[in-house]
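Okay, so chain A shows up in both of these, paired with chain B first and chain C after.
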Partner chain A sequence: MDLGTFLQFLAAGLTVGSTYGLAALGFTIIFNTTGIINFAQGEFVMLGGLLAVVFMHWLDPGLPAAVFLAVLTTTLVGLVMERLTIRPVQHTSVINLIIVTIGVSITIRGLMMLLWGKDTYVLPAFSGTTPIPILGATIAPQSFWILGITLLVLAGMRYFFSRTIFGRAMLACSFEPKAARLMGISVERMVMASFMLSAFVGAVGGAILTPLTMTSYDVGVLLGLKGFAACILGGLGNPFGAAAGGLLLGVLEAFGAGLISSAYKDAIAFVVILAILLWRPSGLFGAPDTERV
Partner chain B sequence: MFRRLLAVTTVFVLGTFSVASAAEPIKIGAILSATGPASFLGEPQRNTLLMLQDQINEQGGLLGRPLEVIIYDDETEVNRAVAAANRLLSRDRVVAAIGATTSGNTLAIMPRFSSARIPLVSMAAAERIVKPINPWVFKTPQSDRHAVLRILGHAQALGFSDIAILTVSDGFGQAGREVLQELLPEFGMNLVADEIYGPRDTDMTPQLTKIRGLSPDAIIVWGTNPGPAVIARNRVQLGIQTSMYMSHGVASKRFIELAGEAAEGLILPAGRLAVADQLPEGHPQKALLLEYIQAYEARFNAEVSTFGGYAFDALQLIVEAITKAGEATPQAIRDNLQQISGFIGTGGIFEMSPEDHNGLDEQAFVMVRITDGDWELLVE
Partner chain C sequence: MKSSTLRQLAPVSAFYVLVLATPTLLSYDYYYLSILTMAGIIAIIVMGLNLLLGFAGQISLGHAALFGISAYTTAVMTATYGFPLAVGMLSGVGLTAVVALVVGMPVLKLKGYYLAMATLGFGLIVYIFFNEAIALTGGPSGFVGIPQLHFGGFTFDSELSYFFLVWTTVTVVLLISLNLIHSRIGRALMALHASDKAAQSMGINVARYKLFIFVLSAIFAGIAGVLYAHYLSFVAPSSFGFHFSVQLITMVVLGGMASLWGGIAGTVFLTAMPEFLRAYENMEVIIYGLILILCMMYLPQGMAGGVSKLVALVRRRLGRA
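== the complex of A and B ==
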């Protein structure tokens, strides 16, 4: 395999992997505050892309404004979701709340299908489609946008959760809500913020991906699934691990398809994940669970 | 005495009743996927059937009787299709039926119609529906085999011999892949790469990079939206100049919109509906196609699709069989359906026979190239 081919596979893997990584990051944010796995995460990604298409079509405000509006609307959807479906039942078990998120995801998907139909839509690329040649590989300009914005979001999240008081307060809520409340943290507000933040991250992902990968009402299902797998691979609860898990999953798929067999690329990726989990049950970057007795 | 009188009166009354029932509607059933994943196929089919029913009844119906098309939506689910078949056969007592929209649903309902001895005309493409032949089952869409024959014929004329294929991992793609694997050697061509992608995959550059490394003469892609649009874009990204063929599964304007400029130069087989206005004057299908397109678009304010044409042909074939038979019994309809010859439909010119319940060959497709964002009919 020459360098050009290698780079081509790597670029394809990193681009697709960013999708998984951003979905995984959304899972992590809500998990870190509430302990819930939010299965509507894929729907946030779908909304980011599809709403950008809708705003482009309706208002024609130009691409950046359409993307901004889509991200803003999706963030509000996150807020509404938490207010209407999570808060009223917040004192039940985590399992019940997870089921609620599955219900929300089916509802959002169904609504978008009724409103916009089942067609596939696409957004114009942010900076043209002329491919950029690098050492024998050719890479779509949108891939750089995707990778760049993913890394930016990731760095932002890492800073937010480890350095800012707001982020650390959110983290505290997941460890021990009672203690957090005693410290003067409004747990309700933190939970709401986590849903908004994860909707924001998902929507950004959806909007930057749509020019390259297209979107339709049902893209969230697969993104949610792969994002969740990436989360587990990287170690649930670690934002850095989630993104790394996503990128690794994407790269595994690309090399699996290119070098071994495209028919079994999903299988190849998941066999590797299983092997890694056998070796490190809490994921690549997850701290092993310790419980005080 | 009184009893006998009553009996006679009853017979008389019933007799007049059955005379009156000459104006009773001819009932034809239809099972289609107007909702669910296959609704993009089923919805234009339902519209087409409703439109034709009205047109036929405005012109005085069939054999002096009104035509009633009883439509059930199977929601693209096998169980619903089977339940609808049972209802059509036992409660509605139809004389013939159309359906189903998808191959899977058709295969599930076929045995019920053949054991009830009611003719069924399917709108699904799978070859297995009419091969081996079931005496009571027909179908209107062209088979994948016809599309493959057209593509390989075109490739052969250009002298291509090393072919790479890239197929989607769903039912449509794998059926196409089997036919391609079977027919490539018959055309004296080599299958140099046999790659697969998932229906929801968003990046096929790994497969295309691998194919590029094997330098084939042409690449054949088999799938439905959005995959082929992604592949077309990836092809431009990688700077691949090799000729690329698509399947008839993307022969809709939507594909050109999705692929954008990357669609330029792609070649695919399509039904003549897509290029009706470019057909030479005097082509037997031209007038019919233009009339169907105009009527459909005027009534539903939506773009016509090839899939609606399958329903158009199915109902028109049954109507033709009933007219020819002069009676609307299942047996007569079946017998006359398989005698139909030279019948002009939207999909092609049907030549039915007891051995061929599809009646179309590869001539039902034309090869088109995407040029300036529209179909360009390639001269044969």
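== the complex of A and C ==
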């Protein structure tokens, strides 16, 4: 393989992988504060993209404003989801929580299908579509937007969790909710914030990817599952490991599609993930966890 | 009662009498009978899933795929390669059981969220295969020309004959399942549902019981799959995707986890509902979602739990009066 082709695959992988990474980041934020895996995470990603399209058509406020509104609305959806469906059942069994979040997921999907139909929608690219040639590869300008915004979000999260009092309080809840409560931290507020934050990063991931991949009401299942797969690669307890897992998964998929079979691209990713899951259940970079009886 | 006798024979016999009377009660309306036949096929999968989810506490989001593997296997064996029906059907159920065994051995070591995601991933891989292996499966547009069932000189060519075949199978599967949960195995399953570790320390081989119930539920899905393929004579990948797996879970949850009778009621209700609600087609996904959320919030034991609560309430009221 020559350098140009290699770079082409790598760029394609990192671009899609960024969205997987942001979805994965969303999973870990909720998991760390609540211990819940949110099966509606993929719907947040879908909402980010589809709502941006909807706001473009509906209000025509210009692309940046449409994306901003979409991300804002999705963040509010995260808030509503936590208040209406998670808080009333938070002390139930894992199976019940899985079922509730699946219920939320297909309710959101069904609602979007009812409102906007089953069509596929496109969002204009952020700065034109003239490809940029680099070392024999041609890369879409949107790819740079995606990588740039993803890095910005990651840096922002890093700052939030390590430097702000609110972020550190959320981190405290993830270590030991009881101790956090004794220190005067409102765990309820942190749980609510984690759903909003998770919806926020998911929506950003969806909105920036949509100009390249298009979107429809049903893209959430696959994106959510791949986000979770990224968590498995990077370790569920570690937000930045999970984001790195997303990039890795994207690259893996791009090379798999290019070198083996594009029809089975999605299957290749899952086979690798299942293998890792069975070999090291706490992820490639995660520490093996012990269970209390 | 001696342990060797069949339990629950009386209620199941009563149920079968109802089954036999149903065509007359519906005055042989073939439209309603066809809905019930489809509900019966799905009820067979739901009973297996209920054993796995409701009794053993292990979730599977891949049962639609197992159902599909069986349906496609018998379709390919009988229609493409011209094998006899019995061979096709047995290989359908057999292959489903083998796939469940091979997948279940490693996957069932996972718990909770990980198990859910792993089975979801398995389901998606199989779904992609159904769509992409066009030479074998016919791809997204489906597989046509699956032969009708016949045994000896009798051909199943009427709506009525399939209705009786399917619901007799439902009755047999129900009897087996009810006996299973009232046996040593059933108690072991409920023990590992409550706590893996506690069950293990009581000497229950947790891994083997989980695998057993997973494979058994796959066999039920396999039986449903061959009935489905030969009844419709057409299969397409869209029937075996993630959405159908979620529908199956919804039927278990609405009927009541750990209630086989409730599961059958939930299945019939949810299968028949679209026929009675106009404009339902677009609302279907939302309705399923809301059922899942609301059941978990207000009726964690489903309709079965709701009914027994209601009965208890009425009894208390009557006792006081």
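By definition in this document, the second predicted complex is superposed on the first by the 264 of 293 C-alpha atoms of A that agree within 3 Å, B and C clash if a C-alpha of one lies under 4 Å from a C-alpha of the other, contacts with A are read in each partner's own complex, and residues count from 1 in each chain.
Here is the rule we use: a residue touches a chain if its C-beta (ideal position, glycine included) is under 8 Å from a C-beta of that chain, and two chains touch if they have at least 3 such contacts.
Note that the coordinates shown come from a computational prediction; the quantities given were computed from them, not determined experimentally.
K.L.:
Looking at the overlay, what does A:65 touch: chain B (first), chain C (second), both, or neither?
P.N.:
neither
K.L.:
Using the touch definition from the top, say if A:222 reaches chain B (first), chain C (second), both or neither.
P.N.:
Both chain B and chain C are touched by A:222.
K.L.:
According to the stated criteria, A:8 is in contact with first (chain B), second (chain C), both, or neither; which is it?
P.N.:
first
K.L.:
According to the stated criteria, A:138 is in contact with first (chain B), second (chain C), both, or neither; which is it?
P.N.:
A:138 contacts chain B only, not chain C.
K.L.:
Looking at the overlay, does A:266 come into contact with chain B only (first), chain C only (second), both, or neither?
P.N.:
Both partners.
K.L.:
Scan A:214 for contacts with chain B and chain C and give back first, second, both or neither.
P.N.:
first
K.L.:
With both complexes superposed on chain A, which partner does A:255 reach: first (chain B), second (chain C), both or neither?
P.N.:
first
K.L.:
Which parts of chain A are touched by chain B and by chain C alike?
P.N.:
The answer is residues 222, 263, 266 of chain A.
K.L.:
Tell me, which parts of chain B touch chain A in their complex?
P.N.:
Touch list, chain B to chain A: 37, 39-40, 169, 195-198, 200, 202-203, 205-207, 209-210, 213, 225-226, 229-230, 233, 236-239, 254, 257-258, 260-262.
K.L.:
Using the touch definition up top, name the residues of chain A that touch chain C in the complex.
P.N.:
37, 39, 85, 88-89, 92, 94-96, 98-100, 102-111, 113-114, 221-222, 225, 228-229, 232, 263-264, 266-267, 270-271, 273-274, 277-278, 281, 293
K.L.:
Could you please specify the touching residues of chain C with respect to chain A in the complex?
P.N.:
Residue list for chain C touching chain A: 53, 57, 59, 106-107, 109-114, 116-118, 120-122, 124-125, 128-129, 132, 195, 197-198, 242-243, 246, 249, 253, 282-293, 295-297, 300.
K.L.:
Touching chain B in the complex: which residues of chain A?
P.N.:
On the chain A side, the touching residues are 5, 8-9, 11-13, 15-16, 19, 118-120, 122, 129, 131, 138-140, 209, 212-214, 216, 219, 222, 254-255, 257-258, 261-263, 265-266.
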